[in-house]
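You will see two complexes here that share subunit A, one where it goes with subunit B and one where it goes with subunit C.
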Partner chain A sequence: MKLAIKLAFKNLIGAGLRTWLNVIVLSFSFVMIIAAKGILVGWDRQAKKDMADWEIAGGQYWNANYDPYDAFTLTEAHSVIPGQFKDEIERGDMVPVLITQGTIYPEGRMQSILIKGIDPGQSLLELPTGRLDTAAGALPAIIGSNMARANRLSKGDYVTIRWRDANGTFDAAEILITDIFTTNVPTVDVGQVWIALDSLQSMVLMPGEATILTFRDQENREAGVGDWKLMTYKSLVSEVDEMIKTKSVGQSIFYIILLILALLAIFDTQVLSIFRRQKEIGTYVALGYTRKEVVLLFTVEGAMHAVLAAVTGAIYGIPLLVWLANKGISLGMSSAEFGFTMADTMYPVYSGSLIIGTTLLVMIATTIVSYWPSRRIAKMNPTEALRGKLQ
Partner chain B sequence: MKTFASIILFALATAATAQPSADEIIDRVDRNMSSENRIFESTMTIQGKRGTRVITSKSYTAGDKKSFTEYLSPPREQGIKMLKLEDQLWIYSPSTDRTIQISGHMLRQSVMGSDLSYEDMMEDRKLTDLYSARVTGRETIDGRETWVLELNARVEDIAYSKRKIWIDTERYVPLKEELYARSGQLLKRSTMSDVIRVDGRWFPTTVVYKDMLKQGDGTEFKVTAIKFNQAIPDYIFSKAALKQ
Partner chain C sequence: MNNNLIIETKHLTKRFPMGKGEFTALKGIDLTLGKGEFTGLIGPSGSGKTTLLNIIGSLDSPTEGEVIVMGSSVGIMSAKEAARLRKENLGFIFQSYNLLQVHTVYENVEFPLLLLKLSSSERRKMVHDALEWVGLTDKMKQKPPQLSGGECQRVAIARAMVKRPSLVLADEPTANLDAANSHNILQTMVKLNQDLMTTFLFATHDDKVIGYLRRKIYLKDGLVDKIETA
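Right after this comes the complex of A and B.
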């Protein structure tokens, strides 16, 4: 085996430019796969962290009627906060949020919104709810930067909102934008206005009620408390997982094409080698090599492309990937345009398993395409091979 | 002097008795405006940011519980039919050949992008059942003397907690209406004009609905032809009529 590796390496280097072309193309695949997968891993981590920080913390209880994809459910999706959560809420480990449908009229335009009520003193989520305590002539409210941009609202602006109370009666009031926050989580930003929970409860005639209860700690949670259902952290971030999975499939098409091109070149090289080196094969057999050993020699020779590609890829790939991880990749568009959590600048994360996995994938694939044409050697007649006769 | 004061007091007392109560006014308006049935053609002009759309339709109404409307133009809306029976509403769309029921919160959506919601069209409870009314004064609108009626909700499940209605003192037709939020903010205003006399009753043929929180000129609803107490076949107010 040692000899086979030594011999294969010599032969490979001896082939000169042809080898290096194959190696370079294969190394592109290496770097591409690691970079692309690294971006997805980075996105996944960042998105989940942002969601936990801004929206879901350790998990949530939802009112049984609440469906975030159907705004019409909101009129029924509220109930009194169960007494057993009182201590947790007082400790600041649980934050109730009441949600109602409304309409905002910035500069006389009409826009459907969700009015969300939250405790101004909460510190579980990163929302700057402290600004809801501001004493003002109008109702203090905070909005996200995407909401502010879409409705041309700035800090200090007064704007009218309209809503319906529990009886369906219209009511309207002026709000004062006391703060505009920037977040990568569109589900707490786009089309939403945050006001103090007690204000919203009295506005909609729902005292002591909420739609969502967000908690810090997920351990020992009951699956359902009255008409509240448990939404675990895992189920709440499953959307990110689904998105990453979908993106991963789309993305892999690109690097699979690149990998196929590289493997095709190696396959081609192998076929050509076996065709042109028949005398050499005959000589090996004449010198006492078994056919199996000759097949192994050629397979190792082909597979060694992957080793060289890994080394070449590392030479230019490591500085490039490190630079990308530090600098990040800016997509030049906002998460609001997609509707799911995504940072404006994504920082790739390269895990050990990603690098080892990619190396193994490329090596195994290269070995298979190297072995495939080499099998012909086993069927060769050594005398005719020695004479260089086409078989 | 004593005689003069008596005359003044008598005149005031006569005037006070001459003015009907708010409930009587609303009742007279109801009697004037409602009929056993009516057939009318109308145009609805929706003034939006991207331009103006004019929708024409033909409606059949029996009392205040049944109505059937067919949209005649523009081509995009042509053939759409709406049937209201009691508190239920169905819409038939010819492009999909489907009849769907508009219910629950869907009723709060705008009708064809206008300032009117399905719910506004569906409200058929009598104002006197929902509000306690009082006359707060008199005003002149376009040269017509009106009573100003203030209506405050006396039931809970109601969209507008307060209304103000200006009623023509002579013809008993509303000339203006304002709808208020619980906080007292003015939300919607409708102005009625082009009052005509048809079959012995006065009827405003043009109504402009305006969402007061929104920019724009609102939605104009104009009745182009109207007939009262016609023989309308029963099948018109059936779901089968939607697909015909």
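Right after this comes the complex of A and C.
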């Protein structure tokens, strides 16, 4: 094997430009796969981190009737916060959120929204809820930048808000936009107005009630507490996983095409080599190689394209990927346009498993396409090969 | 078995498929070749000399009959055994040199020793000796495309001789060389034959080669026509 590797390397380098063309094409595959996969990994990590920071922390308890995809459940999706969480809430390790439907009237237009009540003193989530404590003539409220943009609202604007209380009675008030925050998490931004929890509780006549309880620490959580069901961190980020998986399939098709093109070039080179180097094959046999050993030599030679491609890819790929990881990739789009958590700038993450996995994938694929045409050597007649007479 | 016997063929027949029928290249050859011989298989194209050389070299197998090379029967050898025979005991010299083009002269000559898994110091010494025999010590870093035809064939001789095989099979070794180079090559081979007691078997129809042979086996239509001993 050592001799086969030594010979294969020598033959490969000796083939000159043909080898380097294959190697460069294959190295593109290496770098593109790692770069593209790195973006997905970075996206996945960033999305989960942003979700945890802005919305879900270590996990949540949901009122059993709460369904984020069905606004009609909100009238029933609230109940009194269990007493056992009192200490945790006081410590700031749990944040209750009450959610109800409402309407705002920016510039005379009517816009359905969700009104979310949260403790202004909380520090578990990144929401700038401290701005809900502002003393003003109107009800202080904070909104996300996407919500502000969609409704042409600015900091300091007053806007009428209308809601129904627990008895079904409509009421309305003026809110003052005291802060506009920017986040990559559209589920705390788009179509939502955040006000103080006690204000909302008194507005809707639901004292001491909430829809969601967001907690810091997931350990030793009961699966259900009264009519509150546990939503683990993992289940809450599963949508991100699903979305990344979907994106990954689409992206895989792209790099499989790229890889196939590179492998076709190697396959073609191998087929040509076997025809052009018949005398050489015969010579190896005459000097004492078995045909199987010659097959191994040619397979190693083909597979070595992947080794050279990995080295070549590393030479230009490492600086490029490091630059991308530091600089990020700006997609020029907002997360709100997609409805899922996505940063405006993606920072790819290249893990060891990604690099090793990609290298192994390319090497195995290259070895297979190198072996495939090389099998023909095993059927060659060495006397005819020596004279270069095979057709 | 005679210890001096290197090759023995018994009623060796070789048939090749040709269209719907068969072509008989060798029609029952009986031959023996002893240690240290400098012998040639002589005949026109199609007489069967290369076929006989290939079978003796275990690159091909007989259809009928038996070929014993260094005590082993070629017809019943496995591919691995045949490869070992070639690797350890046989040297080949080809009409078109068959050198490895991307390797240097040194590496080409070293190749058979790599297959024998010799140490680098042993290899170095043996390669230097072989290149000295053929007078190419000054060209060891060059590659075949940089050499003349005569030099390439001398590299091929060095490669065939470097492991000091018992038998060297040379198929038309002077066919691509001019007269001066042919004589030079042949004189080198005669000297190696005398100094190292290596058996040389040629397949040729070149008069220059025939002039150097001590035993001439004339083949005609797959049969031994006559044998002449100098």
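The definition used in the following text is that the second predicted complex is superposed on the first by the 390 of 391 C-alpha atoms of A that agree within 3 Å, B and C clash if a C-alpha of one lies under 4 Å from a C-alpha of the other, contacts with A are read in each partner's own complex, and residues count from 1 in each chain.
Rule of thumb we're sticking to: a contact is a pair of C-beta atoms (placed from the backbone, for glycine too) under 8 Å apart; a residue touches a chain by one contact, two chains touch by 3 or more.
Model, not experiment: these values are computed from the prediction.
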On subunit A, do subunit B and subunit C fit together or clash when superposed? fit
After superposition on the shared chain, which partner residues are touched by A:Gly83: those of subunit B (first), subunit C (second), both, or neither? neither
With subunit A at the apex, the angle to the CA centres of subunit B and subunit C, rounded to a multiple of 10 degrees, reads 150
Between subunit B (first) and subunit C (second), which, if any, makes contact with A:Pro382: first, second, both or neither? second
Name the contact category of A:Leu3: first (subunit B only), second (subunit C only), both, or neither. second
Examine A:Val285 and indicate which partner it touches, taking first as subunit B and second as subunit C; both and neither are also allowed. second
Of subunit B and subunit C, the partner touching more residues of subunit A is C
Between subunit B (first) and subunit C (second), which, if any, makes contact with A:Gly137: first, second, both or neither? neither
First, second, both or neither for A:Phe72, with subunit B first and subunit C second: first
Which partner does A:Met110 contact after superposing on A: first (subunit B), second (subunit C), both, neither? first
Let me test your reading of the model: by the given contact rule, A:Asn11 touches which partner, first (subunit B), second (subunit C), both or neither? second
Minimal inter-chain CA distance - subunit C and subunit B, angstrom: 73
Both subunit B and subunit C touch subunit A; at which residues? none
Can you list the subunit A residues touching subunit C in their complex? 3, 6, 10-11, 13-15, 279-280, 282-283, 285-293, 381-383, 386
Subunit B to subunit A touching residues, read off their complex: 49, 104-106, 153, 156-161, 179, 181-183, 185, 187, 211, 213-216
Residue numbers on subunit A that touch subunit B, as the complex places them: 72, 75, 103, 105, 107-110, 160, 162, 164-165, 167-173
Which residues of subunit C touch subunit A once you look at their complex with the stated criterion? 50-51, 54, 57, 59-60, 79-80, 83-84, 86-88, 92, 94, 96, 98, 100-103, 107, 111-112, 114-115, 159
